[in-house]
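Please go over the structures that come below.
Two complexes are shown next, each including chain A; its partner changes from chain B in the first to chain C in the second.
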Partner chain A sequence: MHPALQGLITIIVGVGGCVGYYYLSNQFLDKVLFPARGANAGRNINRANMIRPWLFLAPALFALGLYLAYPVVETLRLSLTDRDAGGAFVGGANYAQMFAEPKFWEAMRNNMLWLIIVPAMSTAFGLLAAQLTDRLAWGNIAKSLIFMPMAISFVGAAVIWKLVYDTRPIEQDQIGILNAILLSLGAEEPRTWLTIPFWNNFFLMAVLIWIQTGFAMVILSAALRGIPEETVEAAIVDGANPFQIFFRIKIPQIAGTIVVVWTTITIVVLKVFDIVFAMTNGQWETQVLANYMYDKLFRANDWGVGSAAAMIIMLLVTPILVWNVYNARKEMK
Partner chain B sequence: MFPTPIQRTSAPSRIGYQVFLPVAMIIWLLPLIAIFMTSVRGLKDINSGNIFGWPTEFKLIENYIAVFEASPALMYLMNSFYITIPTVIVAVSLACLAGYGLSIYRFRLALPLFFLFVAGNFVPFQILMVPVRDFSVRTGLYDTIQGQVLFHAAFQTGFCTLFMRNFIKALPQELIEAARVEGVSELKIFWYVVIPLMRPAIAALAVLIFTFVWNDFFWATVLTQGETAKPITAGVRALNGQFVANWHLVSAASLLAAVPPVAMFFLMQRHFIAGLTLGAVK
Partner chain C sequence: MANLLLRNIEKTYGGSVNVLKDINLDIKTGELIVFVGPSGCGKSTLLRMIAGLEKITDGELQIDGVLVNDIPPSERGIAMVFQSYALYPHMTVRDNMAFALKLARKSPAEIDAAVTAAAEKLQLTEYLDRLPKALSGGQRQRVAIGRSIVRDPKVYLFDEPLSNLDAALRVATRIEIAELKEQMPDSTMIYVTHDQVEAMTLASRIVVLANKGIAQVGSPLELYERPENEFVAQFIGSPQMNLLPGEVIETGETTVVRLDGGGIARSGVPTRDGDKGLRVNVGVRPEDMVPTDGEALFEGDVNIVEALGEVTLLYFRPEAGGEAVIGKLGGIHADLKGQRLRMTADPSRVHIFADGQSLLYR
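Entry: the complex of A and B
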């Protein structure tokens, strides 16, 4: 069958399924199960209204359960068993094995570096860009351009940045931007940027910062616009200079948004995989947890340790998750 | 008036802006400019190290045709569309239903369920990898387009529902109550009252999910094996290996992969940004 036809059928089945399910289940509830007539009409309407929200929620809950709740439990189970031994329970053996590997600690260290630097730099650049473009006639065009990398996939960005860091043997002409600039500034020989231990982590982070700055800028620029003008005017009247206005008046008023941006980017960073996978594949001391896990699962075929690594990522995300649920709760009250 | 237009400020800061900003912009976009310039060059230019200068020959069309002829790029691209478009439609329609159920009705479990969706939003996708792959293999959905659609739709539904719930919650509830008092059935309230009000949210969410799913790479590598079901993101990586030293082809291919989401972004910029703001701040 032609794939276009398959796509069309998927859409029809999906949407038709949604509409049909929704219509028929509501009809069934109102007309068959608890009809709003006869002796119990009033009670039936109440009953039907108690059940109705579940009709709306059921498909989403089913999808969430199948693809979210079940896998989390299953991964926990896998991390405690040995697949080669027929799924026997081995307790913490996988974790012990993982903690004994230097590669794991390298990944942990790098993840921590990513976790500190990428959100901080993206938010700072985003804030700077939001503030600088705020007063420009062509500010919106500038914003669109800064934001554009956000629409590009991580893999695409990784390939683009590979061109930036590209290195050729010394006797050939360089095509990597960074090396070309370096040589034109008078350096003797090109560098292989991605193999310089420790610092290569920062070259990889640059890619994610490049992507996420646009996101931070858009959100923060909306927040900056939302600041009441009176507060800024009052500061000007009192003789505050632009830096004081920015740091003492504006920043405190958008602190909440900065925290949201920061945590959102933190979540992205914790899961970062594509960039490392496509650029260095964790070689030359650039391993991160997500790629370590992928390595264990698909190259070493060690499901226990791979799942254990996934649980570590989950553990790192949990504080942010709890904090967000807590905040959502506070908002309700 | 505040902010003061830059034209009315002092001369040094004006010059600072006029010089510094465009320079910063060019540095920011340098990787993109470079990859575009590389994609229109011929092999001769690249090998002679002419990367900043004007191309000696323009090979825009030749290079892009070469990508399509030398690789299954067209198939990858079409696969991406077959995966992304149904996912967007299914996830957004499911989310409309669930968001409505979660925000309009008062029932005991509404709050815990809402927290479940918030929490589900933060679960790292790595933790799902093994079970989801196993499940796909067992049900024969591994290495198919349908399998990817199903998974993406289910995975995105959590975020979409949250998004829709917050949006509907902010709508004037009197409208819905008035309709109820008039005796309009729940079915008709949803279709004639709520859905029209949700249009901006639907547009924003659709644009957002389109880029998310289009740009996904992780699940594309986890859920596919052969060539036939690969989307363009996974394809770009495969082409990267195939074209090794031919940077003009690699550049053309990776730009090709970025065209739909970037075009979408520029066409629907307002919705895209509205979606990000709504999704992040709430």
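Entry: the complex of A and C
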């Protein structure tokens, strides 16, 4: 069958199925289970109304349970078993083994670096871009350009930046812009950027900052526009200069939004995988937790340690996620 | 402690939208000037130009003899109270009031003294450590006023400061502002409002803005008793002044006008011999109309009666081709509905306008 036709049929069956489920289950509830007539009509209506939300939520709850809750439990179980021992329970042995590996601590250290730098830089650049483009006639064009990377997948972005950092032998033309600039400034040798330990982490982070700045800018720009103009004018009359207005009047008023943006990017960072996978695959001391987990799970086929790494990532993400949701809710009020 | 001089002030937005032109005004130290006028006539624009928040397109603005056209707001010695209070939501009442002083690098002791004094003056002492969102509308407006007091400005600017308050609170806050003005007799204030009562009670002089310019400047009673033109005559006073068209038939100390509706109007406005036959509008305020059995300005059927207790408003059915006329009598007269009345007015209360301008000011 033609793939397009296949897709169309899938859509029709899927959407039709959903509509059918809601319509038929609702009919069943109202007409068969608790019909709104007879001696107990009033009681039946009340009962039907109590059940209805659960009926409608059921598919989502089922899917969430299957694809989110169950994997957590299963990962936890796997992290406590050993493949070589035929899946026997080994307690914390996988964790002990992992904590003894230098590569794990390298990933941990790098993740912390990512965690501090990427959200901070993305938010700062986003805020700067939002504030500066607001006044410009061509601000909207600038904004679109800054936002564009958001539309590129992480792997796509990684490939683009790999070309930026590309290195060719000295006798060939450099296609990496960084080396091209370096040589045109009179350097002797092109550099292999991604193999310079420690600093190469920052070259990888640049990719994510490039992507996330657009996100931060859009959200913060909306928040800046929500600030009452009169508070800014009052500050002008009070004698504040543009910097004081920005830092003492505007930023405090959008502090809640800044926290939400910051934590949202933090969660993205904790899960960062594609960029490292596509650019260095964790070599030259650029390993991160998610890539470490992937290595263990799918390369070494060691599901025990791989699951243990997954649990660590989850432990790190959860508190930030909770805080993020808390702040986002507060913002919406 | 400051006088203002506005000379030929003009405002044009975006090079083509002319909002104000030829504004000339001389404001003396200690005056409370009120700007009134229909919505969109440029009251806020004029105030914001004085504040420095809006550029002056043309003309001169002097404060205390110093040209301030290009001086930033904070150096003009002005303070502004906004309609929406414009408090800084993330700062406590104390910090809101102290912000300007902190920016000016005043010593903590000095700041504290100024804030405490202002808070006492405005009964805000117990709210000093609250955030604005934990205050009522009236309290917020007092904080906004306090924020300007601590700076001890030369000129206070208010842009409809009471319009977000409910009626009772508006009266209370209006009286507070009047008292505040009394405590600070040397400070100059400029106040924009829509509310006639505010204008009449607070102002030392009222500036009526209309048609991009100033229609009249004068004390509240001057504007009420001797309006320069039909616009001011109808803008000040509620319900608005009745205008009845007619023709001058006798001139002199007392002018007699035969009205198109058939009545005769006698006015204390003097006219010259050459005015005989002049087409005019005779203006009579509803509250100046009295019923009579003799010679009448006007005779008509009472169409609607609104008895408000203290006064009764009478709406006369418009005669063919004529204007609806409104009368206002003291006390309760609910029984007048449907009756035919003859109304007249004291000649000293009858205004005459030709081409929209009062004949008093020729």
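By definition in this document, the second predicted complex is superposed on the first by the 321 of 333 C-alpha atoms of A that agree within 3 Å, B and C clash if a C-alpha of one lies under 4 Å from a C-alpha of the other, contacts with A are read in each partner's own complex, and residues count from 1 in each chain.
Keep in mind that, in the parts below, contacts are C-beta pairs under 8 Å (C-beta built on N, C-alpha and C of every residue); 3 or more make two chains touch, one makes a residue touch a chain.
Source: prediction; values computed, not measured.
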Would you check which partner chain A:156 touches, where first means chain B only, second means chain C only, and both and neither mean what they say?
first
Figure out whether A:113 sits in contact with chain B (first) or chain C (second), or with both, or with neither.
neither
Once the structures are superposed on A, label A:253 by its partner contacts, choosing first (chain B), second (chain C), both or neither.
second
I'd like to know which partner A:228 touches here: chain B for first, chain C for second, both or neither.
second
Classify the contacts of A:240 with the two partner chains as first (chain B alone), second (chain C alone), both, or neither.
second
Which parts of chain A are touched by chain B and by chain C alike?
233, 236
In the complex with chain C, residue positions of chain A that touch it:
228, 230-231, 233-240, 244, 248-249, 252-253, 255
Given the complex with chain A, which residues does chain C contribute to the contact?
51-53, 72-75, 78-80, 82-84, 86-91, 99-100, 103-104, 147, 151
Under the definition above, what is the set of chain A residues touching chain B in their complex?
3-4, 6-7, 10-11, 14-15, 18-19, 22-23, 26-27, 30, 49-50, 52-57, 59-61, 63-64, 66-68, 70-72, 74-75, 78, 132-137, 142, 144-156, 159-164, 166, 172-175, 177, 180, 210, 215, 218-219, 222, 229, 232-233, 236, 257, 260-261, 264, 267, 270-271, 273-274, 277-278, 290, 293-294, 297, 303, 306-307, 309-311, 313-314, 317, 320-321, 324-325, 328-329, 332
Per the touch rule above, chain B residues touching chain A in the complex are 2-7, 17, 21, 25, 28-32, 34-35, 38, 46-49, 51-52, 78-79, 81-82, 85-86, 89-90, 93-95, 97-98, 100-102, 104-105, 107, 110-111, 113-132, 134-135, 145-146, 149, 151, 153-155, 157-158, 161, 185-187, 211, 214-218, 233-234, 236-237, 240, 247, 250-251, 254, 257-258, 261-262, 264-266, 269, 272-273, 276-277, 280-281
